[in-house]
Every structure is written in C-alpha cells, then in structure tokens.
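For reference, chains read A, B, C, D, E and F in written order, and residue numbers begin at 1 within each chain.
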Amino acid sequence: MNAYSEKESRLKILIISPVVSQELLKDDKEYFQGLADSETNVVVMGLEKGPTSIETFHDAVYAGPDILRLVREKSDVVDAIMINCFADPGVDAAREMTDKVVLGPAETSMSVALHLGAKFSVISILPNTGPWVRWQARKLGIESRLASAIGIDIPVLGLEKDLEETAAQIVEAAKQAIKIDGAEVIVLGCTGMAALAERVRKQLCVPVIEPAATTFKMAELLVKLGLRHHRGGLYLTASYDKIRGY
Amino acid sequence: MNAYSEKESRLKILIISPVVSQELLKDDKEYFQGLADSETNVVVMGLEKGPTSIETFHDAVYAGPDILRLVREKSDVVDAIMINCFADPGVDAAREMTDKVVLGPAETSMSVALHLGAKFSVISILPNTGPWVRWQARKLGIESRLASAIGIDIPVLGLEKDLEETAAQIVEAAKQAIKIDGAEVIVLGCTGMAALAERVRKQLCVPVIEPAATTFKMAELLVKLGLRHHRGGLYLTASYDKIRGY
Amino acid sequence: MNAYSEKESRLKILIISPVVSQELLKDDKEYFQGLADSETNVVVMGLEKGPTSIETFHDAVYAGPDILRLVREKSDVVDAIMINCFADPGVDAAREMTDKVVLGPAETSMSVALHLGAKFSVISILPNTGPWVRWQARKLGIESRLASAIGIDIPVLGLEKDLEETAAQIVEAAKQAIKIDGAEVIVLGCTGMAALAERVRKQLCVPVIEPAATTFKMAELLVKLGLRHHRGGLYLTASYDKIRGY
Amino acid sequence: MNAYSEKESRLKILIISPVVSQELLKDDKEYFQGLADSETNVVVMGLEKGPTSIETFHDAVYAGPDILRLVREKSDVVDAIMINCFADPGVDAAREMTDKVVLGPAETSMSVALHLGAKFSVISILPNTGPWVRWQARKLGIESRLASAIGIDIPVLGLEKDLEETAAQIVEAAKQAIKIDGAEVIVLGCTGMAALAERVRKQLCVPVIEPAATTFKMAELLVKLGLRHHRGGLYLTASYDKIRGY
Amino acid sequence: MNAYSEKESRLKILIISPVVSQELLKDDKEYFQGLADSETNVVVMGLEKGPTSIETFHDAVYAGPDILRLVREKSDVVDAIMINCFADPGVDAAREMTDKVVLGPAETSMSVALHLGAKFSVISILPNTGPWVRWQARKLGIESRLASAIGIDIPVLGLEKDLEETAAQIVEAAKQAIKIDGAEVIVLGCTGMAALAERVRKQLCVPVIEPAATTFKMAELLVKLGLRHHRGGLYLTASYDKIRGY
Amino acid sequence: MNAYSEKESRLKILIISPVVSQELLKDDKEYFQGLADSETNVVVMGLEKGPTSIETFHDAVYAGPDILRLVREKSDVVDAIMINCFADPGVDAAREMTDKVVLGPAETSMSVALHLGAKFSVISILPNTGPWVRWQARKLGIESRLASAIGIDIPVLGLEKDLEETAAQIVEAAKQAIKIDGAEVIVLGCTGMAALAERVRKQLCVPVIEPAATTFKMAELLVKLGLRHHRGGLYLTASYDKIRGY
C-alpha cells in the first residue's frame, strides 16, 4: 500500500477565512466545493475575534491567535488547512502545529506562476502591495521572477461594490504590468478577488491566477501525493503550554 | 460557464517518455493511471528515434526532435503534455507549439518543494547532477532555495538492477544533504527513480518528492484551473515550415 | 532650528519585552539604563497575555496582539519603541501604527554587522535558527553577507541556568562558524543572551554583537538624527477600528 | 615546452552555421578569415537538416542533432568549434563530446561585455528576446549586469532586406536601452547582425559588441592559452552508442 | 568592568575630510560638534596633498595616501575615524591599519536606510552616480534594497553656489525616485550636501538621510558598544615598511 | 575601412607592474613577449613610488598615484594598458583617463573562467583571499559562479622561494576547492604565480587560468575588435587639474 492508495477515501480540507465575518463563509464554501474533486469535502470557518479584513501587517497580527485556535482545534480531523488570505497569515505558525498540509495563497500562487511564463506581476488592493509582495517573493526565494506588484487602491471590502469598475481597474494595472514591466502572468493578489477572476481573464491575453482556487487545488494535490512540510528545521513543534491569557 | 465547469468531462494527459524503449511504457501507464483522478485518461508514448536514456545534454539534444514530433501530432487531442525526464527536454520548445499545458519534472518538483521546507536537495544519478541541477534551479529563479544536488553515480538504466542497493545509496546521499547542507526536502532527480520512492521515503525523516507523480498531478491541477503558459513572450509560436530534413 | 536641536531634552525609549514575565523587567531596565546616554529615559514593559518565551512562529503570533496594545497605548509618549526579541515580533505592524522609531534586534544587529567584517554568523538557541535567520536575512536583503546561523539547542529559559556552560556552547558554535563558514562577526541571535555577551566576547577573536544593546543604541541614534520609517509604502497607516474581540 | 609553444603552428577553427543554408557559408568564411590571426585557418560548415533560421527554442531543438554530427565528425581535426547562433544551440552538448574549445556567441559576448561598462543591453530580433536573453544571463550567472534585452521584431531572414532600416531600428532600441535602462554597452543579439555592426556602431556613443566576431576571437584566445572547458563536472563524456535512429 | 563602563570618559572622533581644502574644516567641525553627544570630542583634518574634490575613481586614488597618513599618525589617539566622503575612500585600507572604529558615509547611510523603508534611492552629483552607487550597494550586499541612484549633474564644488536651486534639483530627482522607482527613503549621496539636508527634508514625504551626520553618530554608537571591525579576514594588518617614496 | 582593418599594424600594450621593483620587469617583458601575437609590441613599466608588493587594500592605495602617472604619461602612445596585479589596482580610475583598453587580471580571469566550467575557485596568497575575491566577484556580478577562494598563506615575495613547495600548496588548496567546493576551474589569484602555472596545471584535472597571460591576450582581443570601455556612465572623464601635491 503506497501513499496514493487511499485516494478514493474522502479528503477533508479546512479553509480558514481569517476575518470576522459570517457572511462570506457560505459563498466561500460554494466556491470551493464547486472546485473540489469528487472525493473532497470542504469546510469553511471564520474567526470569532480578529480583523474584519486584512490589509496591513497590523491586521494580520490580530488575525493570528484565532487562526491558530482553529488549527489547534481542527487539524486532527482534516487532511489539509488553507488560510484564505494573500498575506498568508499564520501559515508558518500553523505548520509548527500540525503534520497536515498547510498552505497560503501568496506562496502557492507565486509557485504556480513559475510554470506559466518568464515573469509574473501581482495586482492587489492597496499601495503597500508593491513592497509587501516583493518581500513575500524574496522570502519565497523567487524575487527574480516577479515583474512587479501593483496596488489599485480599493480596500478589500470595496472590491465587490462595483464589480465592473473593480475589474476594469485590475485590468488596467495588469496591462501596465504586461506592457511596461514585462509580466507574462498575472496573479490576483487578494483572495477577495475570486469573483472578479473570470471578468479579468476575459480582458487579458496572459494567464490569470486566482489565488484561492489555486491554493485549494494545490492542497488536494499535496494530500493526494502524501506530501507535507518538514517539521524539525524551519518548522519545529510548537507548544501551546507556554501561552498565557488565550 | 467558467473555466472549471468542464471538470467532469474526461481529461487527457499525454506522457512522453523521451527515450527509445517500448518496455517502460506499459509500467509507466499503470503507474500514472494509478495516480490519476477518476476523470483523467493517461496516454504514454515513447520515441522512435533518440537516446535509450538521458544522462547528458548530448542525450537530450537527440531526444528533442522526436519529442516535438509527438507534441505536433498529439497536442490537438490532449489536455496536457508531460515530458517525463528530469532534464525537462523539449519543454520550452513544446510550449511554443501548443496552448495545452506542458510540464517537465524538474521545474515542477522544484516548485512544489518550495512549500515543504526551507531548502531542498536533489539526489540524482551522475556526477553532473550538482552543476546541472543548480543550473536548472537558477533558470527557474529559485537557486537560493536549493541546498545541494548530489549524484550517486549509478546510470539511469542501472537504477533498478538492485532496488535495495540503489535506495540505500539515495538514502545515504539524502542524509548527507540533510545533515551537512541543511536540506529539509529531498527531490528525487530522475523520473527513473519512481519505483524507489517509497523505499527511500520510509528511511528518511523529511518529505520526498517523486518528480514523475508530482508533475502528473500538477498537469491535472493546471488543466482543472484552466491555466496555461503564456505565448507571445518567452514562448512565441513556432513554425514547423522552416524545418528541413525532418 | 534643525532636527538635532532638541537633543538635550529627555529622550524616552519604550522597550517591550514581548513575553509574559514580570521577573525580567527590572533586570532589563537596569541593563538598558546602564547603556543609555545621559538624556535617555528607559521604560521596560512586558505583556499581560502571550507566550512565556518566543522560540517559534507560533509563539510570535501569540505575542503579537499585546505588543500592539502597548504600541497603541504608549507610542504618543515615547520617542522610540524597541521590541526586545530576535524574532522581531510585531515590528512591521508597529511601524504601521506610529511615526515614532520602531526597531527590532534581528534587523538592527544584522545591519550593524555589515560594518564589522565580510560575513557574519548568528548563534542562537534552537534548530530552527539556521533557516529562520536565513529567512530574516533574505527579508532584509543581506543574505549574501550571512555566513551561517547555528542553533545550540538550549531553550530561551534555559540559557541562564548555567552561564558558563551556555557560554561554552555559544563559543563552540561560533568557532565553527568562524573556521568553517568564514564568519568574521558573531551576532548573538537571542536577546536572552545579553548576560552572556561579555563571557563570549572574551573567548573569541572576532567582534560579538549583543543584539539588545545594539538595538537600544540604534534607537537613540535614529531619534537624535530625526530619522523614522516611511509610512505610505510598505507601512500604511493601520486602523484599530476594524479589529473585533480585542 | 609550455602550452603556448605551439602558437605559430596553424590553428584551425570550425564555425558551425546551425542552419540549413549554403548561401551564407561563403560570406561567413570571408568575414571570419578577415578577422583571423595570421596563423588561424577558418572552416565554415552548415547543416544538412535543421531549421532555416533559429528564432525559437523549437528551431534550436531541430538544429541540435546535425550540429552534434558535425562536432562528432570534425572535432578531431580542429582546435576550436564555434556554434554561430546567439541561442548557443548545442554548446553544452558539444562540450560533452570533445576536449577542444567550444564556444557560443551569447555566452561569449556577454562575458566580454563585463569589461566595457557597468551594464549592457542586448538588442535582438523578436519579442522573445527580453525573457530569453534574461534567462541566458541568469544561466551565465551575470543577470545583475544585464540592463535590458529588447527585440526589434524583424525575423532573422529579414535583417538584411534593408540594411539602413534594420540598423535604424537597432539604433533606436539601443538608444532606449541607454537612456531608460542605463545600458553602457550594446550587444547585438543575433549573429545575423554582423553586417550591421559598423552601421550601428557609428550611430551610438557606447561600445557595440558584434557577437560572431567576438566569439571567434575568444576561440583563438582560448586555444592560444591552452584553456578548455572541464569535463567531469557539468560536462561529462557523452556516448553516441546510446543514440538510436540517427 | 564591561565594554560600556568607560562611556563617560571623553570619546574622540577624527573626521578626515579627504580633500585639499582648509576652508571647509571649520564649518565641518562646527557641524559635527553640534551633532555630538556631550562626551564626544571632534577633530576634523584635511589633506595636504590630494584632490580638491572627489567625483571620480581617479580623484579617490589621489586622496588615498594622505588619508592613510592621517590614519597612521592619529589612530592611536582617537576612538574612531570617519572618512567624510560618499566614495568611502581609504575605508578598507584604514581598517587594515587600526583597531579603532573606521566608517565611511556610503556604507553607513545605506545600512541605516535598511531600517526606514522597503527601498531607498541615492541622489548624488554626477552621471556616474547610478552605476557607482549600485556597485557600492552590491559590494555591501544590499543591492536588492536599492531602488535607484540618480545624479543631478552639479559638481561637488557647485553644490552650495545656489542652495535653493541645488535643493530644488535634489528634490526633483528624489520625487522621481519615489514615484517611478519606488523609493521610500532618500539618501543624499554626497557629504557636501549636508547644508542642504533640511531644505530637502521639508519638501519630501519620506525620510532623508544626511550621510555625514549619520556616519558620525554611528561612529559614536560603535565606540560606545565596544564594537570594531575584525582584523584577520578581509582586513589583515597592513605594513607601512613595504611602502617606498611616501 | 572597419574596426579590424588595422590589425596588421603594430599593436602596443603597456603592462604596468604596480610595484617598486626593477628586477621583475625584464622577466615580465620576456614572458609577455613570448605570449604576444606577431604584431604585438610589449612595454613593461614599474612604479617609482609605491609598495614592494600588493597584499592588502593599504598596499593598493599606495600603488594608485604612480599607476595613474604612468597611465597619464603613456596612454597616448599605446593601444592597451594592463595593470598586472590581481587586486586590479587603479583599473577603474585608469578607465576614466583614457579611451584605450584598460584591463586588470581579476576581472579578466574571472570572466574567462565563465566559459570553462560551472564554478571556479581562486587560489591566492593570504588569508584575506576568501573575502576579498568574493567581494571582487560580487562587484563583477558573478558571485554565483565563484565556488570558493582560498589563501595558501605565502606572501607574494615568498612565492618563488621554493617553486615546488609553493606549487604543492597551490595544488593542495585547489584539490580541496575541487572536491569540497565543487570547483571545475582554478584561477591563480596572484600574477606572481605565473611561473608556477605549468607546474600546477600538470597536477590538476581541471583548467587552470594564469591571470597575467589571460589578461594580456584579452587586451589583444579587445584592441583587435575595436572594443573599449564606455566613458560617460560609470567611468566619467577625470581631471588631473584638481589634484594638488602630485
């Protein structure tokens, strides 16, 4: 019996929406279940405490503890955990808590972009996109493949106010990335842009990566291949016993 | 109807074994079909002319034209093409010939390794492994994540002569990579090592990537997400009209 | 009146000890006040909730919210904030909350090391030191100057159990870094090693950077020069209004 | 007797024109013989099968086997082999087949450019120039010295249709590279531009590298210095015995 | 008694103005004494032979021997030596001659810039600024943090002819660096710009580093922390006995 | 008449031996004339003031002014200038003074090494070799191709005391570089090792670059190709009018 022999059994993926919002969860579940392989079971959970959206390092800090609470409570009963925000909040910490697959959308969509063209650009929401995404790419060790990262200056919670207008702005920024910066692939730099991906894709001549979908499918891939992150090097085994007040 | 709506239809993946050998094809087909999602149909084809194994740049050159013949003949009727050799022979050229997904094992397994630990090492067959794989990693833009690449000095066609012995040598090289070079992930640097992966995995404390399986699943992932390489930048549209004598 | 004209007025530096521990605070205050310029006033504060020590990404996540509470409550009345842990927890987020100087020891001691020799090594506590510090150096953009990072495998709270023994282990690791990896400077990779710095320094022929002292003096330097981080690029202005449950 | 003692004997350089074209060979021979030192004997040979020009990875694949046939047949009777196309097709493979000097124009002209100014740009023919040349520079390990690579969008076989017009387009692209990208050296990125070099040179204020001439002179230099590539590391000794159907 | 115990004693810093000019010295002394901590004693000395300003590598060569004469004559009686020119002339050589702190403004201001924003740009005087500063940043190992380096084309000795006009040109170049190149920090790339710093600072929304002041304060910092460069690796102990004719 | 038409006229190369020593000059002239093409005329000149050997940055500073005096006096009557020391002293400055070819051995031998194998190591004289050569490679932008740099700890003037013993130490260091660091090419890191090159070459299985010979031949190559460094970017036109006391 090899690592792949259990593939027909149900595969359970927990998607943590790292914000305090009940509204999104149902839509998210539908979206991911629609993408899921037949044997995959999707669970989507949000935070009880934390930010209403993640746009800064500050917001990510406040999302952290409740993300880790969900990881602590649920990792035993799932096969993979995806933290559904392009800031990849808590991903490193979660990997210290479990042997289950843990993925974040920035890391995943940038690694997939490597297959699709010489350079990719990330189009995201706020002016901190440029330096933040460059920092993420440098952390991942792939900075030389990043053409540029551009913020369109619409906050997360405003993205869906006027889908046409938001898509138009993303497309405009993407076209600049393609023409000026040499991007051959566009990565949408916010998981809140999932509903916009098709609109954007139709207006561009390059592949467009929707990070939430890509991360979800990569989670399935890693589970099916029996691959998980190493613990003992960058990721030690964390101890909750030393935490006070949570 | 979005990019994902057709996922229940049959998905066809052509695996090109870029060597002149009929023997391997049946085993390969079984291996990949065993890994396939339920909707995936696997076709494995070998070369009519070319090398009996690929161990040098020289061998890869001779594999090239017949790989491209298969791409030219079959790309219309498949969804993805995987060229099953860690040298990734013909991958760039094939991407100039088709809009279908084209993947090679080196690129794919190194991108997947990014998710599993701080640094990875590649264990392969001959003394050219070290500089060749470093060159591949540099081309992919991820050299800073490569801990080392080590050749065990067994030619491709000798890998399966004594599976225990070969696995032992891979494990020994991997342990050195882990202890001395700081590897947290081991990538098997030859698709001919597929039969050895489980043996190796059992003896190591870090994730072990079998590149053929990983590339196959990534092909499924990209097809399901509707993602393909960009044509018009690094990959233009190639013209067979200018080729003489083939 | 230029930026430097106020230098004789009292300069106030808040040192956040990002752990739940009252014991350390008095010693810390004495240590930093002993290092302070005559016009500098030192305030040391610990967390009410969070980890008892920071050794993993997990621990850093739990330190985050209470660090930021202190930043929010105190930034108006201080000139600089130093977060006293080599993981630099909350440093990026704090910079989004205030125009006052914000520094962390890893960033600061690695930048100072650039002046002292061709390459530096970091000696820290646990086996995650190697990849974690390399990641910090890559984030800072100075990875090519990092010779190595070595963990001696003594947890933070064990460092002071036997000062001689701990110093001996640090010295042994440092000597290996000097001889094998080409280090010309040693950075102590944990602010809990402050009491060990002189012991270590006496036994090594290269400069030894104690990160807490170095960061404290850099905070004074930046305040005196009127230099603060930019807000509007990597660091936007964070909003606490969107945080729920804290 | 040292490595240099034979320098007065005839030195023979084989120039492989890696395309199927008899017309160019005579002109090429004249061009290189005009550049040759007095003791150098020039032989120019074209392919019997392969592409009529090399503009894509696809074309390079089809040039490969017949390039290697020439290397196999002729390396014993020459001192150096130059493969005269900026794609450097077959260079790595040829180095596995012979101890004679083997050079390609991209590698050579980029290494020579390092001596002439802070950064260089490559002006070549098609839109794939930008990413392809960047990939070549990355492979060579000198990406930080490449200012930019620009394609003027004239196919190889159209370069000599209107020499003035082609030169004008090269000059325009070069001026943009100088002004915008900071290029201090221009490398012509196609050996088919040899006839245009003087025209371009007269209109630019920076050094212009004609890659064919530069590679030819470097071949003489390496032979005279007794320097050849190492075999046993990146370049093993290839075996033709394992090739079928050629 | 630890490294910090002597901090109340007088601390003496020699500032070498590496040009032949008596006029500047008195102003310089006032400037630095105005920046000094209460215990710091400032000595400023100029060259007897050398250039009247340093704008090229050529000028720096001629400044070298007389800088080193001052280092040889004075290092015993000072605690730190600062060579006050952004070319950092003689800094490496001086470090071979003394165990006292030796600093140059380019190295120092670029390391301090790392704390203040994602990327910095250097605005300096002549068209060689771009490649020279990039080379300095590459030497320091921080090239990935350099956004750009721009020369305003006013020679050193013309900087103070019309302070408003010079400041206006610096501000214009800085705004371009901020808007186009993504700079979040501006480093003035000439110590002759000290008198312009406040003017420039008032017109920009990002931190502005005046390199002379920053280097001076870093010299104090290193002396107070007991930190000096390593001798025995990059910096051996130089011997004046082998010098003839000086 | 193109750039190559004058190749039969005499080509004059000035070799500056940047030390105060009359003894070496005659041997040097013989060595280089023995390497010269038939049309090349060799002139070797030493310094009147400066160091007796160059082993540190300090020594290089004192060599500078008299190197530049020779450049100023002789550049009009020669075609190329080679500064014959692996520290490349004065090379950048000399390029600001003349349009003639100017080369140094470190830059040249490292660029030539790129053609000969995946990575090269430099074997030189003193313990500062490691960091100094790495700094040179980083300046040249090719650090990723440098395997290692090792000092054998024999001063320049001791190299020829016992040729067998010195060669043996070079060979031993080179074998370590090959076996441990993966070097495929050895660069001798001191032009004083020219007399040892053949001895070393015979004992190693990899190409050995003697930097003086290589630089000399590259000077011929650049002159014959009509290639010179750009002036106006990194290298402006220097003015001797601003130098006092020389």
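One rule holds for everything that comes next: a residue touches a chain if its C-beta (ideal position, glycine included) is under 8 Å from a C-beta of that chain, and two chains touch if they have at least 3 such contacts.
Because the structure is predicted, anything quoted here is derived from the model rather than measured.
Listing every chain that touches subunit E and subunit F alike gives C, D. If you compare A-C with B-C, the chain pair joined by more contacting C-beta pairs is A-C. Repeated interface: E-F and one of A-B, D-E or B-D share more than half of their contact pairs by residue number, and that pair is B-D.
The chain with its C-alpha centre at the largest distance from the centre of subunit C is D. We define each chain's centre as the mean of its Cα atoms; on that basis subunit C and subunit E are separated by 26 Å. Distance between chain centres (mean CA atoms), subunit C to subunit D: 52 Å. Taking the mean of the C-alpha atoms as each chain's centre, subunit B and subunit F sit 44 Å apart. Chain contacts: subunit A has residues 117-118, 130-131, 135, 138, 141, 143-144, 182, 184, 232-235 touching two or more partner chains. Counting only pairs that meet the touch rule, the chains in contact are A-B, A-C, A-D, A-E, B-C, B-D, B-F, C-E, C-F, D-E, D-F, E-F. Subunit A meets subunit E in the complex at residues 130-131, 134-135, 138, 143. By the touch rule above, subunit D contacts subunit E in their complex via residues 117-119, 144, 182, 184. For subunit B in complex with subunit D, the touching residues are 20, 48-53, 55-62, 64-68, 90, 92-93, 95-97, 126-128, 130-132, 135, 138-139, 141, 232-236, 238-240, 242-246. On subunit F, the positions that touch subunit D within their shared complex are 2-4, 34-35, 37-38, 103, 107-108, 111-112, 114-118, 140-145, 182, 184-185, 198, 201, 205-207, 209-210, 213-214, 217-218, 220-222, 224-225, 227-230, 232-235.
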